[in-house]
Every structure is written in structure tokens, then in C-alpha cells.
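Chain naming follows the written order as A, B, C and D, and within any one chain the residues start at number 1.
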Amino acid sequence: MIHDQLIRAATQILIDHVDELTALDQAIGDGDHGLNMRRGALAIQSKYDELAAQSLNDALKTMGMTCMSTIGGSSGPVFGTLLVTLGKELPAEPQAADLARALDASIKALTRLGKAEVGQKTLLDVLEPVRMLLTTSSEQGAALVARVRQCAFDSAEATAQMDATRGRSSFLGDRALGHVDPGSRSMALIIGAICDVLLAAR
Amino acid sequence: MKKLINHVDTVLAESLHGFAAAHADIVTLDPGLQFVRRRTLKRGKVALISGGGSGHEPLHTGFIGHGMLDAACPGQVFTSPTPDQMLAAAHEVETGGGVLFIVKNYSGDMMNFQMAAEMLERDNETVIINDDVAVENSTYTTGRRGVAGTMIVERIVGAAAERGDGLAALKALGDAVNKSTASMGVALTSCTVPAAGGPTFQMGAEEMEMGVGIHGEPGRRRVKLTSADDIAAELTGAVLKDLSLKRGQEVVLLVNGFGGTPLMELYVMTHAANKVLAAAGIKPVRVLTGSYVTSLEMAGCSITVNAVDAAMLALWDDPVHTAALRWRM
Amino acid sequence: MKKLINHVDTVLAESLHGFAAAHADIVTLDPGLQFVRRRTLKRGKVALISGGGSGHEPLHTGFIGHGMLDAACPGQVFTSPTPDQMLAAAHEVETGGGVLFIVKNYSGDMMNFQMAAEMLERDNETVIINDDVAVENSTYTTGRRGVAGTMIVERIVGAAAERGDGLAALKALGDAVNKSTASMGVALTSCTVPAAGGPTFQMGAEEMEMGVGIHGEPGRRRVKLTSADDIAAELTGAVLKDLSLKRGQEVVLLVNGFGGTPLMELYVMTHAANKVLAAAGIKPVRVLTGSYVTSLEMAGCSITVNAVDAAMLALWDDPVHTAALRWRM
Amino acid sequence: MIHDQLIRAATQILIDHVDELTALDQAIGDGDHGLNMRRGALAIQSKYDELAAQSLNDALKTMGMTCMSTIGGSSGPVFGTLLVTLGKELPAEPQAADLARALDASIKALTRLGKAEVGQKTLLDVLEPVRMLLTTSSEQGAALVARVRQCAFDSAEATAQMDATRGRSSFLGDRALGHVDPGSRSMALIIGAICDVLLAAR
């Protein structure tokens, strides 16, 4: 089953990038994001056998609950809620349109939970462009996957420009400008790793 | 990185074990390390539960005991605890009076405590602490941050809970104390999160971070280090401006070290802050100087002013017996 | 040098003013800044006077009050006070019971206190503290240095003075507590004397000074930083060896921070020290973890073990009310 | 009166060398020696008018009492006792032999006070060689003064070799080896400054 590989790839990429994520969070936050993501990734990896035996939906929910109970910080509830919502909303064999709908539901759940909106330099600023792309793109298959991958990385990069004008870091003014949001970078890394597996599987 | 530790992955656990052993007369450590609780509970009393990322010791575990908290949930360093921890603590220390959560205003803490509060099938309320006047919106905080003022809320609300006040009254009192409390801090050096292995930020040999957060987050601006009097004037001035106090107002003054500041300097800052208060006609009726809400080994301090009324002051003075704050018992 | 000060020449005076203001309920500051004294004296009680160089706060001023000291004479940073100061303090707080001086064994302190003792025309005795087992003879110390164990002597003898013990009995008790107390410390960073403007010693990024003194004086050796467990084993081991305790002995354990060490690490060290004690069959019946006898902002800690008997332990537990140590009142 | 100039020179040299004395004490002590000596020197300088009006003996005693009540540390009692003893022991117009006798009395007073003996890396290791020289030298006048000056500096330097084998820093072993004793250096500076004034006055 392909979701084994997806889980392995998506968690490993976070572990491999722990120092980069730490550095990003040190620049404008409190420096724990890399360790938080690694802790969650390791917790998921330790449940690998259990997850491999589950359906995609159940595996997503299990991973979400694992995030919530092991990560803490903002990332725990945020990635936890994202995964649990995806697990609830996706059909067993999701297509692009299904994913777009499930992401829409996830973004709404995250806004309810954390009061952040798109444009405020959080991982919502990766999820929303990806959702839009999935909704509007005329491409399909490998071409779409490659576009999604690029969109995720570009959107994460773009968060660097978000602080100076508005949003939750406005008092930092120029000081946050130029710094990528750590959670957005994590989100892009995860999406990128998933896309790579999907592309390789074709 | 120079630290008295065995391994970055075991710091928190070993520190909790050391804490529990040193204060076995006051606290008990959950075997799963989810929370630290008061050793002896009082049936029917509202349970006060706080918590947050570790690295701010003695906050919160050092404030468990008679007249303050019933339990505290320690997260990883600078990382909010998970909802499971708050639920486990609540199930253990709730004895019929419901639960009051005291939460510092960081999105991580807010979300995790909120999830716990929603899952908890007992009466509960949440007091949110947002006393830091340095930045209106900081990274990953909607609104102001919760900093050293937290311990003042924990103390006053803790005393009221101890005398038997109900959940609604405590929630109202907590909100009122939070509203009448303001803080601002300055850092001279960075802290080093053990697992990160290096300093959170770099600072020049003559620089200070004015308005720093208790996780080493940036504040208002990076400026040249100046004198204790100037620093006290800026910190205390910002705090008084925020509270817009009238001359003659009585206050509790907290001069709080961030972990790496010698007591000698904290008392220099106390003297400097007192001069600012005197000039503004504000009366510090209680003064607390020490490292109570820290950022690991960060050098620097914060100044907190709490505008007390007679009722709050009486509660402040009530007996308290915790690891880090103790009087009249 | 990064410090929260106004000027190196005024640090001490401003710090004393800040201290006196913060603890006005307990202490009074001599207008000439020669000493800090207990606010309310007890007629006929033996007056306990200590003092020494500043920079070790809360020692000694933070231990003035009920159940501990009557006065403390603060010298310049790391410099013994002058005989005038001790004489002024003695004249102020002696109320007929005589004076007991508590002096750390440094040649400067010894000479200045001795001169004061010789000039003082009242009954007086001196207890000399030399608990540091690190070096038998250190720079400018004949014999062992006096370090964190000082506060244990001040506490136990202070309690005995409070209940009315006479001068000879207190002198004997002080000597006995000193003899049953041993300490050793380690430094991870240097301190910076304000007026010197730079660190007292240089240390590599991975080095520690094993057996360091509380003025940053060299200790046994400079070695590579190792784990908390290894450090605790060496410090506690040296202390236990010195005291040659039998299995089952009850002790007071003090894990003392030097000023720049986060509480989190001190509790890791407490846990580590407890393991060493357990392996040796020694029972820590009281544990104190905190920064009580410091070296400005030096990072590091010391471990002190005091072998108590039932009488000493009862005195330890007696009510105490000082700025830095307070319980049961 | 020449003792005005002597006092001025002997105090000023300490103030001018504060950093060197600090560094010496940082190496094997607690780093306060430079500041201690400067504090004492400044206190004496502030009494300059009073001292100028006094006899040599009274001036020495006044300076000794000033050291004791303003310096603290080891230097306060040590330099205080030295000066007070010299003030008591010297005749009004001292010759070399008088100085040798007064130094002998001072060394004895210091040993009584501080329990240190010659050879234990304290300023006694400057005073004793100077005393010996004054007792045994056949030279006189400027030649003797120049010899005393040299003897003081050499003796201070020689304290660097005193630690490794014996004495009060024996546990430091090799670590104190090569470091000059700060109090000895102060003592040599004072003696040197006095000799310079005496030589210039001829």
C-alpha cells in the first residue's frame, strides 16, 4: 500500500530538516519548531506497523491523534487537527477534487481552532494556495502533482514577505521580513515528500 | 552549549524527578510525568491548573502548593504541554469544585488548553494571561504575550481558591488581576534551548533586546545597552502607561530575573524601578525581587506592576507554601 | 561586560538600597551603608553578625531576620568588609548577649573580622567556616575555603540563638555544624567583577573548572565538561569522602547555583546527587535547591552535605523569616 | 617636606597600575586586588592636605588607619598594619638601619596578623629581602636606594616561582607557577616609586 511509503517519506523529511526548522523558528519565534516536528515524526514512525495495517482514513486519524498527544506547542494541535480532519473528510480513494474539499474543511477547522486566517504567516498560507490549485487547475496526474509540489514550496517561501505589512507579527515590522514561517516550511516539506513518492510510483 | 545535563532528551524528566524529590513535602510527580500535583488536596476546592513550556522555572511547578496551584503540566522546553497532560492533571486534582485553567497567551498554549477544556467533562473556566506590554502582536501570539504577571495571578487567585471561592468568582478575579497587571522585559544575552544546542539569537557585545519575550522572542527593538536607570525608566514607564494609574495607586512590584542575572543587579533594578514609581506617585506596597519567571539562562529582567486593591492585597498576603514562594506557613 | 547597572562605583550602594526597600519589613540599612541589620532586635539574644565580600547574594544580607542573622556587613565585590563595618554593626545589634561572628575562611575576612573582634569591647566569639573540600590550601587561604555551607551554619546557629542559647553554646554549635558540613563546586563559565570589566578567567567552550571557589578562584583542575551524573558523582563523592559518613546517616543536601545556572539544571543536579547519596546509603532528609551562595553570574553549582543529628535538624526546621529563606512564619 | 612627594608617588603608581594588578589577581586569586589598592590610594590622596601637615610618623599611622578602614580584603589589614607599624617604629629622621629594624617589626606584626610566613608567596617575600639588603649592604645613599629598588622588583618577580613546591597555594600545583603574587607586585611598585622620588631628590 502506497500510504506506508507516504508516511515514511513525510516523517523522514522532517527529521532530516530539523536544524533548518529550528533555525527558522529561532529567527522569529522560540526555536522549538524543528524539535516539535521531529518529536511528532518519531512518534508516528514508532507506530509504523499499526499504521500500515490501517486504512488511509484511519491512518490519518491515528497520526493526527499522535500529533496532538506528543507534539505540544502550536504544531501539535495544528498538524493534529489537519490530519484528523483529512482523515474524516477524504474518501477511501481520493481524487484531486476530494483533496481540495478536504483541505477546505481542514482550513476552516484550523481557523476555528487557532483564530488565524490566511495571510497571517502560518501554514494556512501553504494549504490555501494548494487547495486553490487543486480546485482550479486543468492539469491532472503527474503534471498536477508536480505543480502542487512547486506551489507548496513557493507558498512557503512567500510567507517571508508577509510580516511587514500586516498580521500577527506586525509589531516586529521589518524584523520579521525575509524570514520564512517555520510551520509553512514544514508543511511544504511534507507536501513535497508526498509528491515525490507519488511521482516515483508512476 | 554548556549545561549541567546528562542528555538533551532527558533534561526535563530528570529535572522533574529532582524537583519532586526536593519538595516531596509539597508535591507529587505523576509517574508518567504528565503533571506535578499538590501532595494534599482539599475536597471541593476549585482546582487551579496551569502549565506551559518548560524552561521558565520556578514557573509553574514551583508555584504548586497551599495558596497557589493544584497542578502544573510541564511541556517540553518552550513548548506547550499536550491536552492529554491537562486532562490527566484535571482528573487527578479535581475534587468537585471544578477546574480553573490559567493559561499564558501563546497560540500553542491556547490551543492545547482549549482542546483539553473542551474534552474535560467537569466544570471548567480559563483565565488567559496577557500582561506583556512590549508588543501588541508578537510572533505566533494573537495579542499580547503572557509573562511574569502570571505568577501574580496564580498567587492572588490561588489564595481566593484556598479560602473557598467558587469557579465563577475565581474566573472573574483572575481576569481582573490580569487586567490590572502589566510587564515588560529586556534581555542582555540569549538563552540556549538544550535540544537546539545553540543560542536562540545572536546579540552584539553592547546590545540589548528591549521588550524581549520569555522564550527569547524579539521585542520592540534591538538597541545599545544603556544604564539600569534608563532601562528601568523605559520598562516601568511602558508598564505604567499601559495601566494608566493615578497618583497614589498602591501596587505590587515584581522585578523578575530571566535566569542568568545576579541578584545584585536585580536589586539595582529594584532601586531604579522604585525611583520611577516614586516620581509617578505610585506606591509599591509589596516588592518581590528574584528569578521567578525565567528563560533558561537568559540574562536580563522584567518589571511587572500589579495595581492592587485592598481585597487583592489581602489575598496576596494570605499564607502560601510552594517551592518558590512561601510565607506565613 | 553586560550588566544591569548604572556605574561600577555605585553598584553596591544601589543594590543595597534596592534590597532594603524590597525587604523593609525585615531589614534596615545603615545610612552609611556599613551594614544591614534586622529591623526588630530581641533584647539579650546573642547577636549573630556575618559579612564578607559582595557578589554572593543572597548571602549574607538575604539571611538577616528571625532565626538567622542580626546583621551582615557587605564588602565591595569579592572584598572583605573593613573592621569599622563589623564594629558599627556590633554596636548597633548587640543587646547584652554578646556577639557571634560567622566568618568564611579567607585571609581577608579572617584578618578584618579578627581586628574587629579585638577592638570590640563586648563579649564575642567567632565561628570560622571552611567547608570547601576542593582544595586544602587555596590562593590566599590558609586551609580550606568557606563556601555554601555558610548558610547552613547561619541557619542552624541562627535558630539556636533565637531560642536563647548563650554565646559559648552557639560557638560550640557553629563549630560542630561547620565540621559536619562539606561542599564542592564546579564552574562552567567565569564571573565578571563589575569594576574589573571583564571575566575573571577564560575557559574553553567545552571546559569546566572542577573545585572552583566562589570568587572564581581556581580549583582542583580544568577538565572537559562531562555529564551531570559524572559531575554529581565527583562533587558528592568528594564531599562524602571528606565527611566519611556511615550508611544510614541523615543529611541536609544543598544544591547551590552560582548565579547563572537555570533552576532546571539545578534540579537535574539534585536528581543526580540524590542517586549518589542513595548508592552510598545516605538519607537526604531535607533538600534545598537554588542559588543561595553565588559568584555573580557564574554558571555552575556546588553540592553541600551537612550531616545532621536530631537536634540540628530540629533547629533547621525552626521558623525562619529572611529575604532568601523563609518557612513556618 | 619630602614625604608629601613620597605619598603622592606611592599612591599614584598603584592607580596607574590598576589593570595590571587586577590581571595578576585574576590569574590566581579573585581579581579585586587592583581595585582594592586603588580604593586605598584614592582614600589616602583625599587626605593629602591633612597628611602634608603631619610628621612622617603620624602620616604613616594615618595612612595605615585609612587603609584599614577603606580597603577591606587582605590588603586592607596587611598594608594598614605595615604602615601603622612603620609609623610606630621609625624615628623622625630614619636611616637605613632604622628602616631595617622597623621592617623587621612589621614583618613580625604581619605574621602575627595573617599567619603567613616568608616564602608563602605574599608581600612578605618582598619586605624580607629588602630588610635583609638594608641590614647587610655596605652601600649607602643613592647606590643603596637603587639596590633596594631593584631588590623589590626582583623579589616580586621571584614570587612567580613560589607556588609549585610548597606554601599556601600548593594544591594549585603547576597552575600558579609563573604567576607573580599581586600583593608583592603592589609592594614593589610602592617601594620603586619611593626610591624614584628619593633618587630624584638628590
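By our rule, a residue touches a chain if its C-beta (ideal position, glycine included) is under 8 Å from a C-beta of that chain, and two chains touch if they have at least 3 such contacts.
Keep in mind that this is a model prediction, so the values were computed, not measured.
Think of each touching pair as a link: the shortest run of links from chain A to chain D has 3 of them. Centroid to centroid, with C-alpha atoms defining each point, chain B and chain C lie 28 Å apart. Computed from the mean C-alpha positions, the centre of chain A lies at a distance of 32 Å from the centre of chain B. For the pair chain B and chain D, the distance between mean C-alpha positions equals 54 Å. The multi-chain contact residues of chain B, meaning those touching 2 or more other chains, are 77.
Shown here, the protein chains touch in a chain-like sequence that does not close on itself. All chain pairs that count as touching, in label order, are A-B, B-C, C-D.
Chain contact summary for the complex, chain B toward chain C: residues 2-7, 11-12, 14-19, 21-23, 54-55, 57-58, 62, 77, 188-189, 205-206, 208, 225, 227-229, 231, 255, 259-272, 274, 284, 287-289, 291, 294, 296-297, 299-301, 326-329.
Contact residues of chain B toward chain A in the complex are 53, 75-84, 106-108, 110-112, 114-115, 135-142, 193, 195-196, 200-201, 213, 215-218, 220.
Interface of chain D with chain C (complex): residues 22, 26, 28-32, 34-36, 39, 68-78, 113-116, 167-172, 175-176.
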